[in-house]
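Shared chain: chain A. Partners: chain B in the first complex, chain C in the second.
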Partner chain A sequence: MPVFKTPFNGYSVKFSPFYESRLAVATAQNFGILGNGRVHVLDLSPAAPALTELVAFDTADGVYDLAWSESHDSLLIAAVADGSVKIYDTALPPTANPIRSLHEHTREVHSADYNPTRRDSFITSSWDDTVKLWTVDRPTSVRTFKEHAYCVYNATWNPRHSDVFCSASGDCTLRIWDVREMGSTMIIPAHEFEILACDWNKYDDCLIASASVDKSIKIWDVRNYRVPIAVLNGHGYAVRKVKFSPHRRNLLASCSYDMTVCLWDFMVEDALVGRYDHHTEFAVGVDMSVLVEGLLASTGWDELVYVWQQGMDPRAV
Partner chain B sequence: MATQSPPSPSSTAGNPPTLAAETSQQATGVQQDGPPEAAEQPISSPSVFVNSEPMREEQVQNAVKFLSHPKVRGSPVIYRRSFLEKKGLTKEEIDEAFRRVPDPPPSAQATSANQAVGQVKSSSSNIQSQAPTQALQPQPAGAAPTAVSPVSTTMMSRFHWYHAVLAVGLLAASGAGTAVFFKKSLIPRLKSWIRKVVLEEEDDSENKSIAKPSLAEEAAAAAKAAAAAASDVAKASQELLNSKNEERRYFSELMNLLDVQLQEMKSMSNSIRKLEGPSNNSGRTSLVNQEDHRDSVTGVKQPYANGKADFDMQSVRSSSPPAPGEPSVAPHPKSYMEIMAMVQRGEKPPNIRDINDLPPNPNQQLPNPRLAPKAKPWEVGQAQNASGQVIQSQVSAEGLNFKVQDNGLNHQSDDDSSVPWWQRKNVKITEVGEDEIKAGPYSVRTNEPPVQRTWVPPQPPPVVMPEAAEAIRRPKPSGPTEQSTSHQLASQTSEVTDELQRITKISEAGGIEEIKGNGSVQNSSEIQEEQETHA
Partner chain C sequence: MAMRELVTGGAACAVPGSSSSSNPLGALANALIGSSSKTQERLQEVPTSTPVTSEPNFYAETDNHLGALPGSEFDQSLLPPNAQGSEFLRGFRSADQNGFTDAWDEIQHQSDGPPFDHFYDRAAAPQLQPTLDGPPQRVLSSFLHSFVESSRSGIPFHPAALPLLGLSEGDKKCIRDRSSIMARHFFADQSEDFINAQVNTLLSSLEIDSDARGKGPLPGRFRELEDYWNESQSMRNTGPHPADGWVAEYGQHRVAHGDPDAWAHSFEQQHGANGWASEFEREQVLLTSGDQMRGGNISNLAAMEQTRMLAQTLAQNHDPKFQNSRFLQFVSKMSRGELIIDDNQVKPATLPASGDWASEYQQQYNNGPAWADEFARNEASRESIEAKLSRGPEGWADEFAAAQEQQGSVDDQWVNEFSKLHVGDWAEEFGQQISEGAFDTSGDSWANAYDEFLNEQVVAKVRSDASRGVYVFSDMNPYVGHPNPLKEGQELFRKGLLSEAVLALEAEVLKNPENSEGWRLLGIAHAENDDDQQAIAAMMRAHEAEPTNLEVLLSLGVSHTNELEQAAALKYLYGWLRHHPKYGTIAPPELSDSLYYADVARLFVEAARLSPEDADVHIVLGVLYNLSRQYDKAIESFQTALKLKPQDYSLWNKLGATQANSVQSADAILAYQRALDLKPNYVRAWANMGISYANQGMYEESVRYYVRALAMNPKADNAWQYLRISLSSASRNDMLEACDSRNLDVLQKEFPL
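Right, the complex of A and B next:
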């Protein structure tokens, strides 16, 4: 399975929704504490299992997250630690990039997500407690959602309802928003500790997974949100990212500070169905490909990016 | 929003599948939720994502008690809201609690002021007309504590002032009362003295002796009255003290309750930690982490907390104090600790460059999309009904982009990617729930050769447009050579992989008819290419 070594510590990895073999990696120097950042666009060379870099973009501050555009195959959104949101055209050389830099957040932008149904807008969440809605063609944000009492670590769109998204915050709540409404439409006090990630189930649009510092992942049904429908324990430390599979209703992947990437089936009693411990530092980014079933990618603070097929050993040659 | 609740709880419970079905049929993945849900429920927005519970009175009252606490009143509103949200209150309940909280204190103040005034009045009248009114005073004094105790917590800070005012007023009243008494006693004394003087010639000694006892009597009466007044004052102050003690008791009870709750929570978290304790002792915990218990293992903010609150450097992530009593901290890499230490000392790590990452041309035109968006796997089942859903194949050759019409096939016309290595499946996968998925899984996944042999170059792809494949292949001369060497192996596995692919595409596109046509095309083109490589 191919490995790519990044010069900086990895933060996020995302598969392209247009090209099966393409993915982008967000990295930050010095663990994201203080330093530059870099966005790598990698290609899985079909010949040998290898990852080659197509293009890379340097940033003044660390890049915490990426989102591929769903409308333009070459556009990439980067969430940067200096509070700016940068848009890159991967078909243009680095000297012509970025094509946009949107600076409205007053603190680090921690996540970016592109709307998969409407395909014209994206949301960014930041440590300034807000979530902002943008479109690629506008120089300013369309809306700002300010209700959380602490950093918003993640915001993700509902895969079926084009106006609904969910946000996960350090104030220990999940909030569901509708862009047509003034404020949040639902507040789920999901954990006793900070919630680092959330994701919607692609096949049941009422299920949300939340990943928290308390090492657990909880699956919530918004129709009955007082009690989670499943609690997934097994990680040794905080769970950093969670991602529902685009191909299977019950499968989700997660990565954690315990350096492992885990696969779960939340409908089963013994939910942990796979564990990959290929990283030697915090595993911070994980993604499941929408175009290729079972293809996983992960990155971590050990400056490595792995791409492997579910069931295989990521470190196998 | 959530107030339009009556039909929604029942309807949402039963209808989400139909709702989803409706919305899915509506859309080609764009703008789905308006009309069908409007038909379903009175609200046009997806009401599943809205709180539809009625307000819970008990929660609201608990929230009111919480918000009335003096310490809470001093905290920012956002933290009060956040606390209540974490307790599970809905927005409406929180708003209602905020609405209710400012009201009680002003009215309680008014009642207690009235009580104070009443007390003063009653005490003065008591002193003026001794006996009967003594009963009145205990009543107001008794009423005052009960009136004041419900708002004891809010009145605590002001009570001392009122206490002082009351005491002063009472003393003044009693002083006035004694003054009045003395006056009353003085006037008869004067009168008697005048009488004595007038009648001095007639009966000096008799009058004197009569006057003295009366003087003495009246002096004694005055003294008694003064003593009574003093005792009344003492009683009043005593009762005020008692009420104050009562209030202190209430307050301490409240604090105790809060403490008990805190203790319970702590014990719960402890027990949780104990339960998870064994799994955590992986031998990787370092001294640093055990000391830095305040470090939260939250997202990226946590690394910067490191037990300290703030950095001076503006360019460094500044942190907020993490919550106490959090789960065990993950051990951070050594170099991470070094960098943190460096940053805290105010040094900048050496390897940072000055990079200008601003757009060179802020008005750079957005590129034209080269590919049409693909349908998502979870939308595929719905896309069947949507006409004209053209899924275009992808070409990942450097710089070359082709638009290849494809009937629901998702493959690359690259030279050796019919089964790219990343699409190979391993039989070791224990997939669960294989039968229930809309965008079906590979039902013949387990047909893969069980032996994990060394990597084999994949077959030439089954392409729809061989000309395109030709054009792409030219720049890559290395491709065909690899294939020719392991051609025999490849041909053996080709059938299996072809089967896989065909079935894959069947499940993906959901239409068998389409595939059949393509299948034949694939076979013919494959044969062509195989012949080519032979030559």
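Right, the complex of A and C next:
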């Protein structure tokens, strides 16, 4: 399956919601500890399975995450380690980009997520302990959500309720927010260790997955959040990202500092349904295509981006 | 009492990250995770990819794809009919408090307008750092790499002498802040102490002041509670709030309740039901300071002291060369705009092109209404489905009940709990309680609950200490019941039968837990058997039984040095001085609160001046110089001590370890040989010998020594790890299985000494 070599360490990979063959990769030099960053927009040519670069944008600091716009097929939001949020138009050459650079976060921005239902706004989460709500057309953020006591590593919109999102923080809690409310609506002390990622189930809008430094993934039902519905053990190190399948209710993908990408079915007893150990360094980015069922992408600190069909070996040429 | 860790430290001083170095850590990293070679193999499989700058039909497909808007599937059919959840989430909204809904909806109206007209004017050219690709930067890169990799083996990361990198203050801040946050993700299995040591090693190697750390760890155990506390605080601070009223009310109330017994209620009033976490924390601090001599708390204190001490040491280390660094000048010129990188990617002066793309853009987005329509349609159909689904408020309650049955966990209280999150409700309730004077009873029950919780926490803490600082006894000890296990233990120890001696001495301290000599000997036996964790645990007990025993203090100092716990090491070494009959007077007691390396070292230099004939002082000085990595001075001190005490085998071992640290592995082997001549069953010296051979790239030789050490003490876990590294470095993968299964028979046959 296709592989792409990035000059810097991979940090995040996202499929375009508009083109089944397009994806974007966020990278950072020196593992994001120091140096530049680059956003690559890649194209997957169906004829010869190869990833080709359509365009790349350089940044003065590592890029930690990306989000494609849900309203315009060429817009891309980048979460940059220098605290800025940059908006790129992938249709324009690098010299005309970024089309906007938003400086409000005071620390590294660690995630970005575009509202999938209202499609007019996006949220970013940062090591400055806040989540910010933005629209592409405003020079400043619409709102800042500050309640977490430590870095917010991830924030994701509910796939059905356009006002609800969830945030995952190093303060060991998940918080659920309704942007029409002043404070968070719900606090789930989900893990004993830092929580690095969260995602909503795409079919049951009450289910959230949380991924933690404690190596586990937990599935929560917001209607009854005292105990998790499922605890998925199997990663050997901190779980870095978690992503529910857009096609199958019970399926989710995760990647970890143990260098593997795992697929899970959280409703069955042997939850681990697939393990891919194609990365030779920490696997930190994983995504599942909305447009092609079973198409997975991952990136890691080994500077490689893989795209493969579920069930296949990512390394098979 | 040797310096196993220090030995490996010296090894890493070569070129970090380079796989060809004779560094066992590098080799370990390679062996465990197959870094460089594996990557290269992989790379050849990668199909060549040529960057395509612009694709002609980049836009062509847009229209077709807009039809299949992602996310639209979430709007309707895919949500299964039994998705009661939506109703639940709908219930989230209580009352619109501050017009957030309007603000939120307004976004949509605004974005209907023509937002993109002025949109591109703001294009800011990327201000890139120079690509970090010169030789020193590559060194930095591989150094950071080895830091990241050290997480996988859980092996301490060792300092390296790096060329001057000329990092700017901003760069340093980045490295400092990010590495300390990331380290907490990589090293989750390790103690806070270990993480600090790793990060501090990284920072000190890069000459970065570790003090001004932007984002330290959260205080470990009570993070969750702290959140609630922070939350109750921030709730009070943000804007108009129903709670404000009762805060004032509380103010009046508190005046009336001056007596300390009322703390429980007044506290609850002050911080809300959740705020007692902070009180708990305060309590905990008291507890901690109360029993700081016990077990795990030491490590917390040590972490604090360590940070403070390192900060001081490093603060004195401001290199003037740094100011003259060409790299720094380059960067600062860049930031003033005196330099422009002339690269086709980076032309800061270029204004965004205007004409062509604007029209193109218009075209592209002109079909906006189309998808808007579609969206509206989806919206409508969704609405109708929802109408069918919703059966009024009792509807979702039923659904919830059903869901709960499904979950199998009955928890009727959640509704109440949940509504408490809406502060308005409980604030009211609270007001009622105040007016009814209902506090005496509720306060009591609350206090009970608090006590319970406190107990639980204490129990949990003890449990977590078990992994560290608590002595673990062997089961099935044949010496239990022995009439005089101490004498037996001393005899066995003298004969060099260390593992047997350990058992006998364990029997002794089980019989007489207050016998400091028993514990001390047990600690020494473990140290010589290459098990520092148990050695420290035993020495701590000896220290408890007899806090002023000099040998115990010295052993603890050395063991903590081995484990890279500098603050703890300093504390014991200073204690040694304090309680020494000769030098007690030169150690001012006020120092013991905040120990800095420089002060302690100064005192010992003074002591050595007072009595140059005291070998012990030179030994401690040698250990201290190891702490500050002044190996030449350390070697000198140990050599002086050896002139006074030539028969001290552990001293020869210390000398060897220090020589190994300063990359004099050949000399080190001679020193270890002297130690082994004096004490043939000295497991640690055998293992150290192996390390020295490995450092010189003589892996096959090193294997023999490790196997020998392990034959004498199969419980020396570190030696097993080293053996594995050497086996793979010597390309003896055929023996790895024997190593993994700890099959000593096979190994001894294969590698006789």
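Basically, the second predicted complex is superposed on the first by the 317 of 317 C-alpha atoms of A that agree within 3 Å, B and C clash if a C-alpha of one lies under 4 Å from a C-alpha of the other, contacts with A are read in each partner's own complex, and residues count from 1 in each chain.
Note that a contact is a pair of C-beta atoms (placed from the backbone, for glycine too) under 8 Å apart; a residue touches a chain by one contact, two chains touch by 3 or more.
Model, not experiment: these values are computed from the prediction.
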Checklist entry - If chain A is used to align the two complexes, do chain B and chain C fit next to each other or clash? => result clash
Next on the checklist: For A:L304, using the defined touch cut-off, is the partner it touches chain B, chain C, both, or neither? Pick first, second, both or neither.
Outcome noted: second
Item to check | Touched partner set for A:V268, first chain B, second chain C, both or neither | outcome: first
Item to check | Touching partner for A:R315 - first (chain B), second (chain C), both, neither | outcome: second
Next on the checklist: According to the stated criteria, A:R248 is in contact with first (chain B), second (chain C), both, or neither; which is it?
Outcome noted: first
Item to check | Which superposed partner A:R223 touches (first chain B, second chain C, both, neither) | outcome: both
Next on the checklist: Taking the superposition on A as described, I'd like to know which of chain B and chain C A:D43 touches: first, second, both or neither.
Outcome noted: both
Next on the checklist: Taking the superposition on A as described, I'd like to know which of chain B and chain C A:V142 touches: first, second, both or neither.
Outcome noted: second
Item to check | Offending stretch of chain B which, after superposing on A, collides with chain C (from 135-143, 333-341, 423-431 or 441-449) | outcome: 333-341
Checklist entry - Touching chain B and also chain C: which chain A residues? => result 17-19, 29-36, 43, 48-49, 54, 57-60, 70, 72-74, 81, 89, 91-92, 95-101, 108, 116-119, 127, 136-137, 149-151, 158-161, 163-164, 170-173, 176, 178, 180-181, 183-187, 189, 193-194, 196, 202-206, 213-215, 222-223, 226, 237-238, 240, 246, 249, 257, 282, 290-291, 301
Checklist entry - Can you list the residues on chain A that touch chain C in the complex? => result 2-5, 17-19, 29-36, 43, 48-61, 70, 72-74, 81, 89, 91-101, 107-108, 116-121, 127, 135-139, 142-143, 146-151, 158-161, 163-164, 170-173, 176, 178-187, 189, 193-194, 196, 202-207, 213-215, 221-224, 226-227, 229, 237-238, 240, 246, 249, 257, 259, 280, 282, 290-291, 301-302, 304, 315, 317
Checklist entry - Which positions of chain C touch chain A when the two form their complex? => result 33-35, 38-39, 42-43, 45-47, 49-55, 58-59, 61-62, 65-66, 68-71, 73-75, 78-80, 83-86, 88-90, 92-94, 96-98, 100-101, 103-104, 107-108, 110-111, 113, 115-116, 119-120, 122-129, 131-132, 140-141, 144-145, 148, 151-152, 167, 171, 174-175, 177-179, 181-182, 184-186, 188, 214-215, 218, 223-224, 226-228, 230-231, 234-235, 238-239, 345-347, 350, 352-353, 357, 360-361, 364-365, 375, 400, 403-404, 407, 409, 411, 414, 418, 421
Next on the checklist: Going by the contact rule set out above, which residues of chain B touch chain A in the complex?
Outcome noted: 1-2, 12-13, 16, 20, 23-24, 27, 29-33, 45-46, 48-51, 78-79, 81-82, 85-88, 90-91, 269, 276, 279-280, 282, 296-304, 313, 315-317, 320, 323, 326-330, 333, 335-336, 339-340, 343, 348-349, 351-362, 364, 366-371, 373-374, 376-378, 394, 396, 398, 410, 412, 414-417, 420-433, 436-439, 441-442, 455, 457-458, 478-479, 482
Next on the checklist: Looking at the complex, which residues from chain A come into contact with chain B?
Outcome noted: 17-22, 29-36, 43-44, 46-49, 54, 57-60, 64, 70-75, 80-81, 86, 89, 91-92, 95-101, 108, 110, 116-119, 127, 136-137, 149-151, 153, 158-164, 170-173, 176, 178, 180-181, 183-187, 189, 192-194, 196, 202-206, 213-215, 222-223, 226, 233, 236-238, 240, 246-251, 257-258, 265, 267-268, 273, 281-282, 290-295, 301, 307-312
